[in-house]
Amino acid sequence: MGKKEEKENGYSRREMMTIAAAREINDGEIVFCGTGISMLAAMAAKNISAPQSTIFFETGAIDSRLEEVPLAVADSRVMHATAVNGGLAEAFATMQNRFTGNRVVGILGAAQIDIYGNLNSTAIGDYHNPDVRFSGSGGACDVASFVNRTIIFMQHEKRKFVEKLDYLTSPGWIDGPGGRERIGLGPGGPETVITDLGVLRFARESKKMYLAACYPGVTPEEIQLNTGFALDLKQAEVFPPPTNNELEILRERCDPQRLILG
Amino acid sequence: MGKKEEKENGYSRREMMTIAAAREINDGEIVFCGTGISMLAAMAAKNISAPQSTIFFETGAIDSRLEEVPLAVADSRVMHATAVNGGLAEAFATMQNRFTGNRVVGILGAAQIDIYGNLNSTAIGDYHNPDVRFSGSGGACDVASFVNRTIIFMQHEKRKFVEKLDYLTSPGWIDGPGGRERIGLGPGGPETVITDLGVLRFARESKKMYLAACYPGVTPEEIQLNTGFALDLKQAEVFPPPTNNELEILRERCDPQRLILG
Amino acid sequence: MKSSQNKVTTIAAAIALLVKDNCHLSIGGFTINRNPMAAVYEIIRQQKRGLHLYAHSNGQGVDELVGAGCVTRLEIAYAGNGRFAPTCVRFRRAVEKGEIIVEDYSNYQMTLRFMAGAMGLPFLPTRSGLGTDIIKNWGFSKELRKNDETLPDHKLVTIDNPFDSWCDSPKLVLVPAINPDVTIIHVQQADRRGNARIQGLTFADVEQAKAARHLIITCEELVEEEFLKRDPDRNQIPFLHVDTVVPIAWGAYPTACYRYYDYDPRYLNNYRQAAEDENDYQSYLDKKIMGPANHLEFLALSNEKHLESLVADPETGYATGLERR
Amino acid sequence: MKSSQNKVTTIAAAIALLVKDNCHLSIGGFTINRNPMAAVYEIIRQQKRGLHLYAHSNGQGVDELVGAGCVTRLEIAYAGNGRFAPTCVRFRRAVEKGEIIVEDYSNYQMTLRFMAGAMGLPFLPTRSGLGTDIIKNWGFSKELRKNDETLPDHKLVTIDNPFDSWCDSPKLVLVPAINPDVTIIHVQQADRRGNARIQGLTFADVEQAKAARHLIITCEELVEEEFLKRDPDRNQIPFLHVDTVVPIAWGAYPTACYRYYDYDPRYLNNYRQAAEDENDYQSYLDKKIMGPANHLEFLALSNEKHLESLVADPETGYATGLERR
């Protein structure tokens, strides 16, 4: 989907991605947000279809009232009209907690992903002498370890959807069925991968990623070409484009300065 | 020291004990207080000779301004004009902390004590079928484990100063030199035992309790008679009685209702 | 339930719904302060039995539950009530008569056990307990622990520091997490969703609250969510953890509620005296607790002017100059 | 020093006294908020070298210390700066060029490491890290760890749950405590003795502060002790932990200080651009940081009206409607 399609379709890829993620959030859920598009997706969900969802941040803000989009999870905007302003210790404990953690949906991003949804956000190449160094885990490893369900944002490129991660920062389904339990983690894990080309999910039995939907104008073959491992394409549907209502709320209420939408 | 002597001396045993303990507190120290006489001793010290000492409670109150004597460590009076109102977690961490714990002096009481200053505040007789059940450790075991120096209040009776504790609730010098280190505790421990008859301390080498001072009118022999193990009496001095100034401050400023003094 | 927008109910309904016979219960407060007494009395009225109670130093509430025969097993650090009872009387009798089984810990150990539960961890470490009978003597036998899946297999576990001499700690005591079926705490202010604000010391209430499967919050004042959200630095418990909210004025009485009222020295002294004698105690239970149908009727037994004398001074947060002998 | 009644000093004196070459340092704040920037810039001006820096996600402060060549070893969870730098630029370059050694943890692991230090424990457990390269790959070699007594012998240790299946946690990751030689945090309000109040999120500042051997507090406002004591529910750090207090307005600038001022998007964007180019970065260092003699002169480089636009709205705590592109 290039600039031309964006203009034709009337929405950008980032808008499509944000809305695709927002649709994954159920009303009443507790939503863990990282920086950038994941935050915007949570704001969109809250404003569109999940008004009773609770947005919370690893920095300790619980149930933030986001009147302006924050540019980091420590932005003072996340501290406004919360239920409680705590710190990192409280936020991560909420996710590790046996009674609240399984009600949290986490939204993550990464530099690399494998077929089981394991993530790398640390380094490309040799860890001790990296070709490219990234920010590191932040809270991603913690979220991926604790919560019941994660949604992952990715740029859809072959070098990012890889057979083998250069570094496993955040656990997904590890090596398939029973993988998490074998290493001592709880049963939940990655559920959805939202890219700039489509939406991928994980097979219930094999825990392998498959193509669930392409955005309008994108073909399954195009997605396979941009993926470094073989995808099951058979279940791919066409993803419903953003509605006018969704776009309007996203643009006017969530990010009018287009700080995240670009 | 009976009623007659109290009247003659112009002060009661409890007043003598409180002031004896208050004199042990150095200016600038952090004083951990339990309920009752230990709290009053800390108040007396702060009002008499250690104005820069900091009174703090296991309930989480740090640097309480005690305008009235509290009747429990959770009394709302300890919450007034503190530096920070926290909780138990913060208070005990302050004592276990490597940089603040060694500046804390703890004041404890118990039902039984042995020659190494180990304390029982749990039960007399068989633990599973006790003759007398007491309150249990509370914070005493924690304080005795963490801080560098403790002062212990005891009623001086043979059945309370025993060869062997029925239950070891709070560690003193354990079994003598190196005892604490052998079980994994830090080097500090009990320093002074203040009773209704006199003041006892622990020998630097042997870590055994010895008689340091008798109150005016009490003889070393009388103290030995009321102690269930042999005491070194040779170093016993006569303890300086309370001064008028000490008594006046204790009575008028610290406990005018005589809630603790009786 | 925890995601409901309106969790307000009565204390009778909350106790009936969540506090089952034989359940594992934890109550907040500390000795003579902020015990959830309205809830305690309602549990007694509903004649709950077989409770497994967790407490650090929750004095008055624990002693009344034990005295009324609601408790079978008790894990505790300190059963005293300050100057009002160096050892709680009904507790002492119940233990000496073998009516309850007690498992002893220290206050920090109990705090860490709730904290572990709140953090979703099976244990936390401490240096407290090394060399003591708290480690050696188990109130709950190895067998009982093995056969009861609601209990950890060990009372405490001592380990060598896996990081060698790091932090000068050669050995550590690991304390097992507590996840009570229900925790009940009394707070100054809460809203309908369950956001809560404790004023003054929090004791271990926040940890106890977050460790629990179900949480009942009783509060002096029901306030608007907007009111709490205007100043979130002051709040401790987000609604996520809360099942029910019960507005109940004087809900901690006869214990204190900082900034609202003081403890009642007369009540607590009378209680201790009654507790010492079987007949007097039975009559206390009948007249004071079982007689009134609810907390309002219970409060009505106290002289109104006397209650007024307990109201907190806005400056200090307690009843300045109160006669406390 | 910690028991002094008046700990007020200048930032230059505090840094000269407590931040030694090669010391272990920890700074508070998180990405673009409440970093102790006045202290960071003073450390750069005093050309401290060989620092062993601990951070969870302390973005801007970390990147400036790394960029200025003050840091040799870095233990960190996240070196990003929100939308202003998904990966901090000077950090990325320093790692890719092998100029610093990095040890990676997660944010919760780093938080627990500070918490362990604050609690006086050698480690704390978590379930985070199981199955990841955070456990498998050590930035500091076994040999380095063995030969340096300021480092624990292991990066992390995985153990079986000594309480068997308690809490459904078969395995735990133990994270070693951090006790920095010095922690520096920036708070909204402090008094002369060092009692401190943070407004809004505390991040891991309180744990970092209490874990440290020495603590420097910089504050927006020096207030009377009485002011803080009137409302102790709002305070987090008692004076017991504090060595020096440095009143310094705009002390977190260009990062934000909730309720005082917002982050400066223009500064942070310009910084990122300069950081991408060696010459531009050197010129940034020379003109912006080394040029001014102190924080006041540094602030004077920014247009006064521009700074005014960052002042926080009293209602929301940030600069509502600020141009942030």
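Letters A, B, C and D mark the chains as written, and numbering starts fresh at 1 in each.
Here is the rule we use: a residue touches a chain if its C-beta (ideal position, glycine included) is under 8 Å from a C-beta of that chain, and two chains touch if they have at least 3 such contacts.
This one's a predicted model, so the numbers in the text were calculated from it and none came from an experiment.
Q: With a step meaning a move to a chain it touches, how many steps does the shortest path from chain A to chain C take?
A: 1
Q: Quick check for the class: compute each chain's Cα centroid; which one is farthest from the centroid of chain A?
A: Checked the centroid distances; the maximum from chain A is B.
Q: Can you check how far apart chain A and chain B are, centre to centre, with Cα atoms defining each centre and the answer in Å?
A: From the centre of chain A to the centre of chain B is 58 Å.
Q: Express in whole angstrom the distance between the two chain centres, defined as the mean CA positions of chain A and chain D.
A: It comes to 27 Å between the two C-alpha centres.
Q: Taking each chain's centre as the mean position of its Cα atoms, how many Å separate chain B from chain D?
A: About 41 Å, centre to centre.
Q: If you look at chain C, which of its residues touch at least two other chains?
A: Answer for chain C, listing residues that touch two or more other chains: 120-121, 126-127, 167, 169, 172, 179, 200, 233.
Q: Touching at least two other chains at once: which residues of chain B meet that condition?
A: 79, 85, 96, 98, 146
Q: How are the chains arranged in terms of who touches whom: line, ring, star, complete or other?
A: Shape of the chain contacts: other, as it matches none of the listed patterns.
Q: Please list, in label order, each pair of chains that touches.
A: Here the touching pairs of chains are A-C, A-D, B-C, B-D, C-D.
Q: Taking the touch rule as given, give the residues of chain C at its contact with chain B in the complex, in rising order.
A: Those in contact with chain B are residues 29-34, 56-57, 59, 76-84, 86-88, 91-92, 95-96, 98, 104-109, 111-112, 115, 126-134, 137, 139, 167-172, 200-207, 256, 258-259, 262-263, 265, 312, 316-318, 320-321, 323-325.
Q: Could you list, by residue number, the parts of chain C that touch chain D in their complex?
A: The contact residues of chain C facing chain D are 120-127, 152-154, 157, 159, 161-164, 166-167, 169, 172, 174, 176-177, 179, 199-200, 233-234.
Q: For chain A, which residues are in contact with chain C within the complex?
A: Answer in residue numbers: 28, 30, 52, 54, 62-63, 65, 79, 81-85, 93-101, 103, 146.
Q: Of all residues in chain B, which touch chain C in the complex?
A: 35-36, 58-61, 67-68, 70-80, 85-89, 92, 96, 98, 122, 127-142, 145-146, 167-171, 174, 179-180, 183-186, 257, 259-260
Q: For chain C, which residues count as touching chain A in their complex?
A: Against chain A, the touching part of chain C is residues 2-3, 5, 118-121, 179, 195, 210, 212-213, 228-230, 232-233, 235-241.
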